[in-house]
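A, B, C and D are the chain letters, set down in written order, and residue numbers restart from 1 in every chain.
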Amino acid sequence: MARKIGIYVCHCGSNIAGTIDVEEVARWAGATIDGVAVARDYKFMCSSLGQQMIEEDIRKKGLTGVVVAACSPHLHEKTFRRACEHAELNPYLCQMVNLREHCSWVCADKAAGTAKAKALVYAAAERVKQQVPLEPMEVQVNPATLVVGGGIAGLQATLELADAGYHVYLVEREPSIGGHMAQFDKTFPTLDCSACILTPKMSEAGQHANVTLLTYSELEEVSGSVGNFKVKVRKKARYVDETICTGCGICIEKCPRRVVDNGFEAGLGQRKAIYTPFPQAVPRIPVIDTAACIWFDRGKCRACEKLCPTNAIAFDQEDEIVELQVGNIVLATGWKLFDCHKLPQYGYGRLPNVYTNMEFERLCNAAGPTNGKIVLRDGKTEPKSVAVIHCVGSRDVRHNESCSAVCCMAALKFGHLVLEKTKAEVYSFYIDMRTYHKGYEEFFQRLLKEGMHFVRGKVAEVTDAARTPGEEGKLIVQVEDTLVGQQQRIAVDMVVLMGALEPQADAKELGLKCGISCSMQGWYTERHPKLDPVATMTDGVFVAGACQGPKDIPASVVQGAAAAARISGMIAKGHVMIEPIVASIQEDKCSGCKICNTMCPYNAIEFDEPAGVSRVISSMCKGCGTCVAACPAGAISGAHFNNAQIMAEIRGILWDAVPSGNGQAPGVPAAALNP
Amino acid sequence: MKYAYYPGCSLEVNSAAYDISVRAVAQLLSIELQEIDDWNCCGATEYFSQDELTACAVIARNLALVDDKVEQLIAPCAACFLNLKKTDKLMSDSAEMNGRVNTCLAAGGLSYRPGRVLVRHLLDVIHGDIGEAAVRDKVVRPLTGLRVAPYYGCQWVRPMSDVDNPEYPMKMDDLFTWLGAEVVDYPVKAHCCGGHMTQISEPQAFELIRRLLQSAVDARADMILCMCPMCQLNLDAYQGRVNGHFGAEFKLPIIFFTQLLGIAFGIAPEQLGFGKEIVAALPVIKAWLGRAAAAVA
Amino acid sequence: MSDPTFEPKIVGFCCNWCSYRAADLAGTARIKYAPNVRIIRLMCSGRVDPGFVLSALANGADGVLIAGCHPGECHYLSQNYKAMRRYHVLKHTLAALGLEPDRLRLVWASAAEGQQLAEAIDRLVEDIRKLGPLRWPANWEAEPCCQEAVESIAREHQEAMEVLP
Amino acid sequence: MSHAAKTKGKLAIYWAASCGGCEISLLQIDAKILDLAAAFDLVMCPCIADGKVRDIEKMPDGAIDVCLFNGGVRTSEQEYMAKLLRRKSKVLVAFGSCASEGCIPGLANLNDRQSIFDTVYKEGSATAPENPADCRPQQATPVPEGTLHLPLFYDTLKTLGQTVAVDYYLPGCPPEAGNIWAAIAAIVEGKLPPRGAVLGLNTTVCDECKRKRSEKKIRKFHRTWQVIPDEETCLLEQGLLCCGIATRAGCGALCPQVNSPCIGCHGANEGVEDYGARLQSAVASVIDSSDPAEIEQIIADGIPDPVGTFYRFSLAGSLLRRKNKRASADGVGRG
């Protein structure tokens, strides 16, 4: 049928018209490109008037394709597709030309800009002639949701969804939910006790009818796609039967083996071989640490088993794989602490009284190993002076270029706690003091009044090499006070290193399982850093909390709730529309060579043995087109990006490059040009 | 493997012990050293502060003189090591500098392509290329019970920190752990020895030296091991003056790490240049050998 | 051989998620770079079919740019590796067909690397400018003498027939 | 053949730049040749009958019912004949790989007239010693009787489709007798697909190959003489660069059957614009490495002659048609 193409060139005020002669481009297109029924330019195409103009042309002139030469499709493709839809033209018969981002804004010279613009428009016109109507695909949404990570962000998302009446599977790697927040004593800037605000949420999640807790468990495998994910979770053997255990704690009490607790107590305290991380753990069911347990070590003991009133100890328990079906996934896997050994000049690990921030959290915590007493490693001496060093592993090109966001406020909190609990002097060594949220700056001012000392400068080293008798037996902090412009040596009893927040070691691996990518550093990549920081590039997979980037508690809670809201919306609607940009296999052309099957990272291509052909499961296809390019038989076609369309685009974009004479590219055989 | 060898001026006279022990140890580890023919002074630290081009040209001459068939160069002196490395880098980073230096070299009928020669320090070669296993099975006299304080100084890792941790170097620590010595962990092992400060302002220099000696003594070290002639000179030759200045009683042998390495490998002390140091090291070593023998008996 | 007035025409294939967005970013940041690269959007560098590159050259392009997400950061997990493999094979073949290696280039650009992409484009354009025009189709444009030769045959045959009894 | 009764049609078979194998293959239709003879008068077939060009020239346009044209176009004479036969024939069939996509003669497009003549008349071991004076073919040579003419030898071999409009393509080097007969029968019975179509199957050789196939991961390509492949499993999976994945079916997987990889003589599958592009893309995609250096090594070791591998039969018909002339002049890409 005869093609009637409409071409619409946008001025975007002066954004495009400034460097491109848009009138000329429109005039030229109308005169030059074959099949163009109408070519116009307009101040702002995306304005309602601009859209109306396009819609009218479609109706009145019966356009079969529309080319909008304006800004990036990532900005306004939806807008103009909607306009076409209003005028009953299939939205996939609309093609955008990225004149603004890819041409006018990057070209210095108007002539060159206009020439480039013409080529881009020509390409789009040739392409749109090859485009065909497509219908978005509708997928039902399974109302159950998987939340990975039981820290504050994951808890928030879980409770929001559960309270909305939807079922949630909450998977947590540790024996208890709670995450880092459970280790803290106070929370800035209000100083309310972390446990007091967290534990109610934990127990609520533990008891909620709509929540299935899977603690001491890890995500094994994810398949399927938005609306219908299939998930495998590994429940690690606890050696305690959850169905019988009452959490009475006798086993823990009677267990003869004590070990240093490098997990929850950050190495400061001890725990038994059978343990719950902390008294308020949810669930209160203990786990046996096989590395420590005497039975696993020497085949003796079993004290816990003998003394358990409900015979819940099960030494024969094994890991079990649980299969779940969910519609959406929230990753809230949090962060890990920077390894302070990597900065030997600060002496962590060498100098006993150098602590990490997490160690210090436990030190301050009333429920911690010292019952909240701030004392040196000897366990009794109260420090007379404490130094808090900021940005340890953060804002440091050698380790993490980024700012860890929470350390300044945490450092101030530490300062307050020291001043409150001891008579010590407290020094903060900072690069910049970053206190930018509600009540934060006020907290900083409060600490200034409380008498915390602030030295602006990056600490060169922490050493025990005394130079003066006064320094003997102390830790000396060598620093240039950049405000005074002087080298200083400040002798203290205790040093706290504000270690950086880093991505979990296995963040990339987990991301791959869920089909989402990470930043160079390892933080999960959101769909849009500003306008969509909750969703990811993979539909149905959301991120919340510090796994997306360093965050404090309020920000994590916000993101957790936001993810939940997005998911509730999808569940309430019941279905999602997914772009029809998927691959399909023309079975009569397929010879079953099995090249394509290895191409798909989403296993969307299945092989039908009896028929001897491959098939694309369109609901699982993400439309990358790699198999289309790989198929040696040319049997696979990618909707909206098929060969005919791209080849037409190439010919169009080079309209001014083909030399005269018989320079046309050959077709062999001549007829073999169908998509 | 064959390396070009750049001894540098110090190793000719006051640090001859370093040169002797380097050659002895290298031979034993079958590190073939081919001394650069007609090498010249690296200009030490001063030249660069005077005139970068001159400094580079003077140093580049040595690189240009390296045999085409040899790809790596060993400079035992930390200052020479740094200067050679720095020159190569300045030339590869800036086409302009490269051009100007090569113009200078051309005057002498020479030329040098940046990156042609890889500048190494012996410590790095032994630690990396030879490696733990090979070093361990060369040991005939384990240094068990000997407390050593490795001293790195500045130029080994600063400003170019690609060979070791710039804040807290460890390679000499590793090496002597392999040899069975008790390596003391003292906090100032990468602090400055004062360099030429001794010529400018003795009180400052002496304070810097004292800190190093004090810290090593506090750590109950039997001796300090150096990898730089300047460091060795300052700590050894000025120890008396420092004692006088502070009324201290330091009597800490300061030797080159290659000398003790040689002992562990069973090379006779006289073949390692012992006796040239001012604070005698042999008595300490003999005493230790005595202790060791006693321990065995 | 290098002609400063020569403006190369280069086709760029960008993936929807990283490199195309990098180009968008270059725009939003008003980074000026050579106008010679004309970008075609694909969903993924894994969609780049060697045929696209050949078609571009056969249609008169002086060079081709393929841009994708950084290895390990592909929005489709690992598809840019397939692009990389094809790129190397194709380069191998094109070398044998006498294409200067500098005319085909693969670059990685994350959505945040507008500056880097702009620089990469400028470099490519400069390198190709040095090489001069490619004019691949001219390779098979018949020399005038061919037409002439065919006609002369026709003429001879005409004459031959006239002399028949 | 039932239609033998009605007035006989006229058949022309022409032979341009090709080896003659197509004619041999035609004869392999055996007894069917009688049916052919019954159906057609053979007005021209330089290989087996003495038809005169001038007779063809005298015919009215469209007088010939079917012309099977094999061979590519690499001289002025061949171009003349192609145009002549196009004019005179109702149905022009590009007969076999040479006419369709250039085939082996098309690999001459890796060189040009000059270098080919140099090879033949100067460097060639067979001819050069006989030719000390380095005589070259002249288009016109005056002799007492008048002027002798030789056709012009082109720089670039063209396919028939690049020279004149072709009605049908019959793939294969040579086309298998069965397929030839099927094509002729279809023509006679007028059961023809739309013009421009390829008379053959729309799938690839794997479809006809009995070998066991699984998902592919290749770490090393072997040359055929390096390994004795296992008879059961897919040759490509064994590291032999079997072109069957990309090659149009119709031969019954002849080569794989005898444990030898397909070399692609049937050309590309329906809808594929560039055979080599498809093949490289597929093969590259399953190279089992993500390290550029290693990939380059695998390719360099395993595919020393990429053009001869991916474009053995289709170079002249490919998107790029030939080697870059300017390059072959200044030596880029040589060796």
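Couple of notes before you dig in:
Rule of thumb we're sticking to: a contact is a pair of C-beta atoms (placed from the backbone, for glycine too) under 8 Å apart; a residue touches a chain by one contact, two chains touch by 3 or more.
Keep in mind the model is a prediction, meaning the values are calculated, not measured.
In the absence of chain A, chains linked through touching fall into B | C, D. When the C-beta contacts at A-D and at A-C are tallied, the pair with the greater total is A-C.
Centres computed as Cα averages put chain A at a distance of 55 Å from chain D.
The distance from the centre of chain A to the centre of chain C, each centre being the mean of the chain's C-alpha atoms, comes to 36 Å.
With centres set at the average Cα position, the gap from chain B to chain D is 72 Å. Inter-chain centre distance (chain A to chain B, centres taken as mean C-alpha positions): 49 Å. With touch defined as above, chain B holds no residue shared between interfaces to two or more other chains. Counting partners per residue, chain A has 599, 626, 629-630, 643, 647, 665-666 as the residues that reach two or more other chains.
In chain D, the residues touching two or more other chains are 273-274, 278, 281, 283, 285, 318-319, 321. Per the touch definition, chain C reaches chain A in the complex via residues 7, 9, 11, 17, 20-21, 23-24, 26-28, 30-33, 35, 38-44, 46-52, 55-56, 58-62, 69-70, 72-79, 82, 86, 110, 118, 135, 137-138, 140-142. Residue ranges of chain D in contact with chain C, taken from their complex: 53-54, 57, 76-77, 79-80, 83, 110, 139, 149, 151-152, 154-156, 158, 273-274, 276-278, 280-281, 283-285, 287, 289-290, 292, 295-296, 299-300, 303, 305-307, 310-311, 318-328, 332-334.
Those residues of chain C whose C-beta lies close enough to touch chain D in the complex are 49-51, 54-55, 57-58, 71, 78, 81-82, 84-86, 88-90, 92-100, 134, 136, 138-140, 142-143, 145-146, 149-150, 152-154, 156-157, 160-161. Chain A makes touch with chain C in their complex at residues 72-74, 98, 100-103, 105-109, 112-113, 115-116, 119-120, 123, 508, 512, 515, 517-518, 520, 525, 537, 581, 599, 601, 622-626, 628-630, 638, 641, 643, 646-647, 649-651, 653-654, 656-659, 661-666. Residues of chain A touching chain B in their complex: 343-345, 347, 350, 461, 463-465, 467.
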